[in-house]
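These are the structures, in structure tokens.
Both complexes below contain subunit A, partnered by subunit B and then by subunit C.
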Partner chain A sequence: MRRSLRQSFGIFISQITKDSMLLVVCIAPILAACFFRFGIPIIEQQLTVYLHEPTILTPYYLLFDLFLSMLTPYMFCFASAMVMLTEYDENMTSYLAVTPIGKKGYMVSRLVFPAAISFLGSVLLLLYFSLTEWSMTMIVLMCLLTSLASIAVALLVFSVSHNRVEGVAMSKLSGLMMLGLPVPFFVLSSAQYLFAFLPSFWIAKLSLEQDLLYFIPALLTSLIWIWLLYRKFERKL
Partner chain B sequence: MRIKALLKGDISFQYKYGFYFLYIFFSAIYIGLLFTLPESWRGEAALLMIFTDPAALGLYFMGAIILLEKSERVLDSIAISPVKPVEYVLSKLLSISIISTVVGILIGMAGGVISNVFYFCAGVFLGSFLFSAVGLIIAANIPTLNAFIIATIPASFFISVPAIAYLFGVKKAWMILHPGVSMIELCTSGQNALPALLVLIAWTALLFLLSSQVVRRMLLSVGGVKL
Partner chain C sequence: MISVKDLYFSYTKKPFIEQVNFEVESGEIFGFLGPSGAGKSTLQKILTGLITTYSGSVKVNGTEVKQRKNSFYEQIGVDFEFPSLYEKLTGRANLRFFNSLYQKQGDVETLLASVGLLADADKKVADYSKGMKSRLNFIKAILHDPDILFLDEPTSGLDPSNARLMKDMILKEKAKGKTIILTTHNMFDATELCDRVAFIVDGKIKALDAPHNLIMSKGATKITYTYAQNGKEKIEHISLRKTSEDELLSRLLKDNQLLSIHSSEPTLNDIFVELTGRHLQ
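What follows is the complex of A and B.
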């Protein structure tokens, strides 16, 4: 089982290496991190001078960090969802699911492994490129949650669509799963809880209020999404 | 007659795969978002939304459409039918441009940016046609979705960056020679809207011809052999 999982993951890596997606998902978060870390403070400086305001972007530095923590797993899982859609259209998925890899193994090799790798990448980026102060515990918790949320996004793209075209349409729609991140920053009334079904909302709440209690709904919403979508994923194969 | 049948097929394909639903949904979100912005920002924001989404719809979706048609052997049937590459391309680009224009008008109305309906519609329609033609050129020779997405990055960068710069104030008259800038100039019904229309028509025609050539070659080589 372990060997077949490794091989299945190897196929995935060789696919995204061939079409250069691996390079892009590795480089793009680093470029974005550099822009956030060095570009945003410069833009803030220019804006404050230009608009004669003491701060404009500074209150939202944490939001930039949150996007940064989401970016690596989101990109890895997006690449993975695209590979899965191609494999599904070409009937490869059904073949792989009846090999020793099985349905669960297929999901693990296509989503859990990439999410685990991106978890490490995300931790490093937050450690070295964040705009605000983060404790190590918070970094680890946050990256764990963003990795889980990204698995849910990729599962959503793959499970709900019947082919590549629907998959691309879904991937566009799935960007809305990130919508929960800015909500606690901008919607200060209790109307913000309308977004409580989104893991990204609780992730933002956790980082904003630094209350570890929010880890529970953040984890639960991700797991519920994954559980519901995994059932759909199983039926699909 | 053939073009009518092709167009009907493409529109029903896009309807079946949720393009219409998706863009009704996105229009509602964009319009909702516009109303949360201060009134003075709405015009630029609406144009930015139109330019980066409904107008660029073809560039985003063309890879998936062509790859699906390849894997379902639709192109094999097209290749041996009397359909000409030009007709195939025209139908693809027209069907997508219709959605873009309708969504563009809705967002434009909400943002209050439509001062000349003809120029505005021409800008969105031709812009979408152009973006889709670029998407088609890229999609014709691409093996996977990921490769398509990567290949569209430089194209969308080249079209979008000068256009966005122009929208936010880097306004030099010669810039309307750029296809993205000419689209913005048309949609805003700027001083140089008429020359911009001619420039955009020229770019669109050029890319339409190029994409027809690429599709002709693609249809000659489907199924792994050169016909």
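What follows is the complex of A and C.
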């Protein structure tokens, strides 16, 4: 099982390296991190001078960090969904399920492994490229939650789309899953709870209010999304 | 080798597979014959563990399929109707990858040579013809030397020479003692390859026997002859067994007045239609 999982993940990586679009997708978070870390402060400096305001973007630096923490798992899981859709087109999904990899092994090598790698990538990017101060505990919790939310995104894209073209369109739509991030920053009334079904909303609440209790709804919403979409995913295999 | 008892399965509330019972002996080629949508592929998905939400008992090589572990797949090989190969990889790279998944590994080079693909082994699968993909797909299923092979429409869409090649490869596996489950709607393949066939219609087995027995039990060779009467051509059909009783035929033979005469044996398709009231294709 272990060997077949390793081989299955190996072919997954090999497919990404053979696809220039997916390769760029996986490198994109690093480029975005550089832009956020070095570009945003420069833009802020220019804007404050031009508009004669003390701060413009600075109050939202945490929001940029949140987007950064979500970007790596989101991009990795998008790449994963694209690989799975290609495999689905090539009848590989069903075939791998009747090899020692099995359905569960397939899911682990296509969703859990990429999410685990993106978790590490996300931690590193937040450590070295964040615009605000983060405690190690908060970084780990945040990256764990964003990785789980991204698994839900990958499941959504794969389960709903029939091919890669539909998958790309669906991925754009699934960007709405990140819509919960800015809500606590801009919607201060209780109307913000209209977005409570989105894990990203609770992730933003957790980081903004630094209250660990928000970890629970953030985790639960992610797991519910995963549970609901996994049933659809399993039917498609 | 395979034992199915009181199998029932449904995709919706309406039963799709009902009361299916059969056993397959070791070394046998067992065919599922039926029209599209009859439940053949679903049955094969149940046997290979792709569908586990069935009721009844399905034992493959002593394992209840519902409770299979991943090691179950070391013992079976599956060849789906449509090739399942990584199009961007070469034929050789595909086989090496699949080979690496199993504990018992085959000799990739020998297998490639056995189906005449050694010279094209470094070509991307996307550049292969349909026949080449089918051959590669087949050897992919036997890489780990499985005891049981599940083949879904193995000759579907192949030209006659590639279909012949495929059938020879299947017979070669049978000669090695492998148990083969064949799903097809091609009566000629079933007649030629299978030791026994099960006619499946609407998720039920309507008949199960050796192709020859099925043909002989229901039909006999028929004779068709034509002759001229009042300037018009007339046609008559009789059973071969009743030729001596046919006075008209005796007279026509004696008077040299037959225009044509030929015999025809019933095919598995005729028997299928007779037993199920449905057509295979």
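Rule of thumb we're sticking to: the second predicted complex is superposed on the first by the 230 of 237 C-alpha atoms of A that agree within 3 Å, B and C clash if a C-alpha of one lies under 4 Å from a C-alpha of the other, contacts with A are read in each partner's own complex, and residues count from 1 in each chain.
The rule we apply is simple: contacts are C-beta pairs under 8 Å (C-beta built on N, C-alpha and C of every residue); 3 or more make two chains touch, one makes a residue touch a chain.
Worth saying up front: this structure is predicted, and the values here are computed from it rather than measured.
In the superposition on chain A, contact of A:R231 is made with neither subunit B nor subunit C. Once the two complexes are overlaid on the shared chain, A:Q15 sits against subunit B and subunit C alike. Once the two complexes are laid over each other on the shared chain, residue contacts for A:I101 go to subunit C alone; subunit B is not touched. Of the two partner chains placed by superposition, only subunit B is touched by A:K172; subunit C is not. Once chain A of one complex is fitted onto chain A of the other, the partner contacts of A:M92 are limited to subunit C, with no touch recorded for subunit B. Of the two partner chains, subunit C is the only one touched by A:R3; subunit B is not. Shared contact residues of subunit A with subunit B and subunit C: 15, 18, 90. Within the complex formed with subunit C, the residues of subunit A that make contact are 1, 3-4, 7-8, 11, 14-15, 18, 90-92, 94-95, 97-102, 105, 237.
Remark: subunit C residues 48-50, 70-71, 73-74, 76, 78, 80, 82-89, 97-98, 100-103 touch subunit A in the complex. On the subunit B side of its complex with subunit A, the touching residues are 17-19, 22, 25-26, 29, 60-61, 63-65, 67-68, 71, 143-147, 149-150. Of all the residues in subunit A, the ones that touch subunit B in their complex are 15-16, 18-21, 24, 79, 82-83, 85-86, 89-90, 163-169, 172-173, 176.
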